[in-house]
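There are two complexes below, and they share chain A, which is joined by chain B in the first and by chain C in the second.
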Partner chain A sequence: MSDINLENKPNRKELLCLINQASFAVDDVKLYLDTHPCDTAALDYFYEHSKIRNQALREYAKYYGPLTVDTAVASCTDRWNWINEPWPWQEGWC
Partner chain B sequence: MWNYEKRLQYPVNITQTNPKIAQVIISQFGGPDGELSASMRYLAQRYTMPYREVTGILTDIGTEE
Partner chain C sequence: MPNYRGNTNDYMRRGIYNNSRSYRSNNCGNTQTPAPYTVYTETSPCCEHDDELSGMPLAMAYVPWQNWKRIYDKEQALCRGTIFEELDKPFYGMGGCNS
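Now for the complex of A and B:
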């Protein structure tokens, strides 16, 4: 892909770690919000981490292939990249 | 309907094989009181749950398990 600036390429493990952290925060506050839907502090926490998660997922897809079907377009070239990158149980860490 | 994410909820890094521990983990995962049957139980119970909050909790916990 020609429009990728390789000098700004993020570190793969760091980016995945950020995705995992933000996703954990989102999953956890989601459970809390199910029973406390009017807690504005929790809502703000959800919005903040949900935004970080979505941005990081799109960034990851752009450089290292998609982790979700919704970010598959961010890594689209002239071929389907979903099956190229390693699966979570491969290569030790994902 | 569920969507797959190509990552683990918590990173796993196995450095050495250990059949004894693997035996415990596999029964925690698929055994009679394991995650698999718990998730199915949550997702089945939510259909008759009268409280909206708890239907949400059952759905989201069942999804995570």
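Now for the complex of A and C:
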């Protein structure tokens, strides 16, 4: 974990809330895009929030452990961290 | 939201169904199971002739085309359960009886 700057460590709960918000926005606009595949405004919204989500997921994995298998490599350790972090339902988070 | 619930002829939404539902005894003293629906008469409140959709074929459902507008920010969207302000409808959770 040598490349982690602990001074810039994000607040875990805030980061998880951001992931939840961005994930929901992406899921909902996906449904709209299913019937409006050429709506450029909706596509922009999708790309914007998908980017926010992916960055937040990588950030979370880097500091706290992976939430998705796609970000498991971003946890930057020599051991498997998948089960180390508390599950979201264990701490009453949103 | 003129077509969401306000102009429906569905009398169940107006509480008539539950308010008038009662168990009665017949001549033999046995309790009868009530009819599933209140008797529908011309004097029932549900007979108002204010239906915007009158004249359209019966039993045909439709969904208006949605346009991209009035989008919630992501914080409010998660809270409201939709990114679309237009789809943020009230939830009564009372089985259609809002009274």
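Keep in mind that, in the parts below, the second predicted complex is superposed on the first by the 92 of 94 C-alpha atoms of A that agree within 3 Å, B and C clash if a C-alpha of one lies under 4 Å from a C-alpha of the other, contacts with A are read in each partner's own complex, and residues count from 1 in each chain.
By definition in this document, a residue touches a chain if its C-beta (ideal position, glycine included) is under 8 Å from a C-beta of that chain, and two chains touch if they have at least 3 such contacts.
All values derive from a computational prediction rather than experimental measurement.
In the superposition on chain A, contact is made by A:D39 with chain C only, not with chain B. Of the two partner chains, chain B is the only one touched by A:I19; chain C is not.
Looking at the shared chain after the overlay, A:P66 reaches chain B, while chain C stays out of its contact range.
One of chain B and chain C touches more residues of chain A, and that partner is B. In the superposition on chain A, contact is made by A:V29 with chain C only, not with chain B.
In the superposition on chain A, contact of A:H49 is made with chain C only, not with chain B. Judged by the touch definition given at the top, the superposed model places A:N84 against neither chain B nor chain C.
Legend: residue contacts after superposition of the two complexes on their common chain; A:N11 is shown touching neither chain B nor chain C. Chain A uses residues 20, 24, 35, 94 to touch chain B in one structure and chain C in the other. Residue ranges on chain A touching chain B, taken from their complex, read 16-17, 19-20, 23-24, 27, 30-31, 34-35, 37, 66-70, 82, 85, 87-88, 92-94.
Every residue of chain C that touches chain A in the complex is listed here, in rising order: 66, 68, 71, 74-75, 77-78, 82-84. Per the touch definition, chain A reaches chain C in the complex via residues 20-22, 24-25, 28-29, 32, 35-36, 39, 41-42, 45, 49, 52, 94. Interface residues of chain B facing chain A in the complex, by the touch rule stated above, are 3-14, 53-54, 56-57, 60-61, 64.
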